[in-house]
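Working notes, structure below.
Which chain is which? They are A, B, C and D, in the order written, and residues in each are numbered from 1.
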């Protein structure tokens, strides 16, 4: 099967994730969209890894998951603390600093 | 001997330095220091003169090179002096009359607490004037030229607390500056033409270059002369200059400084001789001015202003003569010297009158003063006779020769110029007689309080017109004032005869100025006779107007010409409207331009950048998602651009 | 390697500045005396430089050369030609008078923190400026010059913005805002000029591969360095822009009236008599020295600009209501003369321009400092607030008049010599421009005499009736300056002897010969 | 990890275990990083076992010692010639040990050291319940103003975790510019980013702003790293490897044994170009280049000032290091594609930063925008694509980081009731109140403005010179104009400090402990030294200007 299709799919997912980041207000959802983007990258990596017949891509994919996990830890910590102070997880409410 | 030349200038210069820096502690003796140093300078002059007489006409010229002043590649200006018969004539006139007027001032300025400074300025003037006539190159002459301008500025404005005096001083300096520009341009032209501006080389090489260049130089010199000698069109300052103390008017604005222009032209004779067109202009200027001054002199009621007009007119004669070339040079100088005597005498007389009339200058407030101040009357009278050219007195000899020379120019020009000169002589006789009559004859108009006249309302009213009026007590002046007047009277009586008979003066100056005998279309005798005739006519008319009928204490409105003449033939009004007003508008608009346009451009740029900043700032709206949008867009652009780069 | 005299001449005031700044707050007077002594010592060193300098000798003398920033091709290269010597002497000469004249200008009005030491700062900054100015006159390395050319802006900026006239017609608040506006304007104008120049400096390095004047000159001479005409022109413009802002040349002049108007008189003198000279000096040394062809190419435009400056500055001076702004516009007119003399490309013009820098420095100092004394007495800069001063303070009026006469370049005073040389030099090559420039002479008389008449003559105004005459300290400032004006006016030979050779070098830089007179007059 | 190695790994599954050849790790050459990361781990353990009272001191001690030791290690390596002659690629091709790497690591470590000093400052805030407090929350987890927080304050809690977090971040930053394959690059990126996100969130005062800054920074940072990762994926897809050397070969087609798959992808330039663009974009985000800069002002303003200072200095250094390596080692063959694009980025960054800064009213935001403008100037040096370019960028980074830390350290000193008084209006007349502090800050501002005799000028001159020699003269002109604009707002602050009348209710200047003083003093010293006698450091940067390939 043509590897390009995998690439297209990855790109599609990535774009969907990016769009989500752009349009969703809830910080958690925004963050989940970022995760989606990362996984899109994973798809691409694995596809290329298969294509090139070496494992680098798959290894990166694993690293990505770890990184994503770490990001979840940090991100949730921040978002939750913000939520607790503001009782809202909307990124648009956070507008103290502007201009 | 040469070393004495420097002493001529050094003495008064020292005086000026001492008196001006000395401070109050010199107040008591200041005037003596000044007078003595002036006299010293005169003494040195006499010594040099006798020495000069001792030598034959050829090697009478003395030169003294002091030091190299401005040495720059291809440019050489020295401090060097050149004493020949011409300069010597001036040296004696300046230091002689100067000394007399110092003496006169001792009395005249007695009650002025700033007398020391007055003498300081006088000495400064002497030094500058002597430098002017002794310099051996045009640049050094320029120094003296502006130096006398400065002295005249300081002395006209000596009573600075009077706004009129301050303004008059400023005006004098500015008008002279215009003339000075002419002189400096002339010097630049000489430099580019001859590579030097020392008298010797320039005058020697004058023949070697194109007439156009020479005409340009000559006209520029003429412009300078007009400024300094109050010739049309730069004459307007002289009348106002009478704001200065009378001795100043006598020394600077009658006898010496104002004649510097004539000196300049005669000195540069070689250039003018080679530029006939320029000479024609010179004669025209002279002729116009002599009539102009005369007309103005007729209309003025202020005795000093009347005399000022006469000065203008007399210098017009000299310039006319100088414009005639070798025929006229000698007579120009001769008239200059005689005029120096009688005009100084007249001014001192006027000063003496004012002294006795507590500084009243309006002749309509005089009258019948001859019995109160006999000496003044006699000396003034002699001066009067001299200036109108009464046969046998000095004015007669010098002026008559000029008129002759004017006719001798030949052709229509000769007739016109000569006619003008004759007419001038008539008018001179008229207005001088008028002055004489209004001042010393007729009933005593100063007894009752004055009433300001509509015609004079624009002139600022004299002090007495305000408040309680106390009639003055006319009295003769102290001897310190009368003696100089007497001496000058002698000069005005005999100088002409001494110079003229046997052409003494001619032979004295000829080696320097050269001389050519003109041939008037009519015989010399005819000219002389006609001169006498017009003289009598002028006197007669004046007598008819002011001798027979009583003089109204208030000036009648008078004819259009009279009114114009009272206002210096509207010359000031012209200046005011065109130059002053125009200038004010120009500067005001320029200030506006500078602020709004030149500065505005920069400030505008700054403001626009600020506005841009304010607008861009709005993009930073604090919403994380919009930041993400910009990043996403940026990424898209980045990718697109990279791909595009490859595509093209 | 002899004693580094040039370095010492600059280092002394620099160290003096540090020392002065370090004087504790209470010991204000000590700081003043320290500054005065340092400036006098510097004057001695400068005199030594002038003595050691042999007019007949090499182009650059007393040279020093050390490696500095290899990567930028920058060397610490010092050396003076006649022009440099003259201007160093001028600087070192004026600073003591500036210090003395500003003796009380920086006494603190209100007390800030106990560490706030305006007086120390004031004099330290003056000395710092002196050091930087002297170095920029000495530098023979373009980059080195540029550094001090730019760095001197900072102390100047604080001097302008930090210290104003004691009393002000609109009260302290507006005064301080106007001051800081003037200071910012000064800094931004000059900084912008400097940054444009920075681009040109970098460009020069890319083209020439060196910053050393000598090396570049040699490279030009042996043909190893050829600049494309367009490149040279762009670089020239970059340099000239900066110098034209500093000089200041119309239409880049508008910062000067603000700066001189708001700053105290001594600082105003520092600006116009010392710092601005760096601009004209640099035109002579760098624009003509590095880009002769481009200089010739730009000459017509520059001459016209100079002409405009002369007339325009004078006319605006006539229109001013504020004494200090009047002097500022007069200076603009004079800088027009200087620039004109430089770009006339004749020996007379350039010698004249150099003398003009010195003479203008002295004459403006005299006029402006007396004006400052006057203003400090009445507390107003408006001409209209004065009148009849000569009656109550004759000495002040007299010195003021002499300063004014020097400004209108009266023969016998120093400025006349230089102004006439400039005119003659210009006239020799560009007669029309020379003639138009003479208009400046008349206008100069106009604004000077009008100023004198309005302030000094006429009936005594009540406000000035109590005005004291010059005090001893003030007289000590003015008298020497006036003496110098007269001396240099009567006997300028010492100066011209130093300057002429340098000018000849510049003339050979631009490969120009003086136009010869039509008639070789018989000697 | 080069392809053949992996292949062997893949097949050895069937072979006897004994065949494994252990990966070769040059611990000595990686020691700086290892020391810092190790110290970070120790810091975590300290949090776990050392009693609360003494944690602060232990943590400070550990951090300082670790950073100093790491710096010593860097110096030793450089002295050992690893910067020049013996430069090579360590850790199985994962990490490069060469001039730029060592130079930047040294800079980062020094910056971090000063950062630690500012972190450890506890004299500025008034004591709470007799406990000295630093600029970090007593308990980051507790809601501001809540009872739990009050209790935490009363108990004298302090967030000493900031020190290990800082060390982790530094560890990541040390690897970032040295990373020699895309995987390491990505991991390093995350390793230093995540701790910074957290550090932003733990301010003692103005916690809401602090948390907001953290959220923004986190979300946008994650967003950006996603792009980077996608770029990495594409590059990998293009070259079939993540190793810089390999990719470089593939890019300029000098690669041997091309298998069919690689042949296929090699042909597809879109992969390469898009991948490169996205990867570079991630780095541009970190350096704060327009249009990826928008996080900078908010984060700089919201984060605790010591963190801002550290972040502003160290992150830029690390990110530019990585950018340089990526562009000079991986994509030199692509120069003609990315140079124009970077041109545009540099121009908009210089101008945008300078122009928007004019109208700022908060000192921290002002410095943020100024940092954006400076990123533009450095990019001008990057574009030179020459050894001069590299060295000038290295020098600029060194000079800039110290000025930045010093400036932000001064900002921490100016305080009023609400903590740091960052609004510009409150700085009016500071020069009257405390001339010394104002003078110091003025020095930093002048350095930012690039006035001669400050390090800022030397750096600016270096990059502009390199750019001009690299044929980017127009860029220099733009840069000069931008500097003129930038000068305006630096000057504005100086005017405010010295020429404006002090406000009666104006802020006070706290007297800091020797720690902050050291930071500021070092900042001033470096600023002046690099301004007056930069030659030695220029030499250093010059020697360090060769990338190992």
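Just so we're on the same page, a contact is a pair of C-beta atoms (placed from the backbone, for glycine too) under 8 Å apart; a residue touches a chain by one contact, two chains touch by 3 or more.
The chain lineup, named per UniProt: A = NADH-quinone oxidoreductase subunit K; B = NADH-quinone oxidoreductase subunit L; C = NADH-quinone oxidoreductase subunit M; D = NADH-quinone oxidoreductase subunit N.
Every value quoted in this text rests on a predicted model; they were computed, and no experiment measured them.
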{"item": "Chain C and chain A - chains in contact with each", "value": "B, D"}
{"item": "Chain occupying the middle, per Cα centroid", "value": "C"}
{"item": "Pair joined by the larger number of C-beta contacts - B-C, B-D", "value": "B-C"}
{"item": "Between chain B and chain C, centroid-to-centroid distance (C-alpha), Å", "value": "37"}
{"item": "Length of the line joining the C-alpha centres of chain B and chain D, rounded to whole Å", "value": "81"}
{"item": "Rounded Å distance, chain A centre to chain B centre (Cα mean)", "value": "97"}
{"item": "Rounded Å distance between chain A and chain D, as computed from the means of their C-alpha atoms", "value": "24"}
{"item": "Overlap residues in chain B, where contacts from two or more other chains coincide", "value": "606, 617, 620, 622, 624, 628"}
{"item": "Sequence positions of chain D contacting 2 or more other chains", "value": "215-216, 219, 223, 227, 297-298, 488"}
{"item": "Interface hub residues of chain C, defined as touching at least two other chains", "value": "188"}
{"item": "In contact (per the touch rule at the top): chain pairs", "value": "A-B, A-D, B-C, B-D, C-D"}
{"item": "Residue numbers on chain D that touch chain C, as the complex places them", "value": "391, 429, 431-436, 446, 451-453, 457-458, 461-462, 464-465, 468-469, 473, 476-477, 480-481, 483-484, 487-488, 491-492, 495, 498-502, 533-535, 538-539, 542"}
{"item": "Contacting residues of chain B [partner chain A, same complex]", "value": "617-618, 620-625, 628-629, 632"}
{"item": "Complex interface listing, chain B residues touching chain C", "value": "20, 67-75, 139, 142-143, 145-147, 150, 153, 157, 160-161, 163, 165-167, 170, 173-174, 177-178, 180-181, 184-185, 187-189, 191-196, 201-202, 204-205, 208-209, 213, 583, 586-588, 590-591, 594, 598-599, 602, 606"}
{"item": "For the chain C and chain B complex, residues of the former touching the latter", "value": "188-189, 250-251, 253-254, 312, 315-316, 318-320, 347-348, 351-352, 388, 390-391, 398, 405, 410-412, 416-417, 420-421, 423-424, 427-428, 431, 434-435, 438-439, 441-442, 445-446, 449-450, 453, 456-460, 490-493, 496-497, 500, 503-504, 514-523"}
{"item": "Chain D-facing residues of chain C, complex", "value": "67-72, 112-113, 115-117, 146-148, 150-151, 153-154, 157-158, 161-162, 173, 176, 179-180, 183-184, 187-188, 191-192, 195-196, 198-199, 202-203, 205-206"}
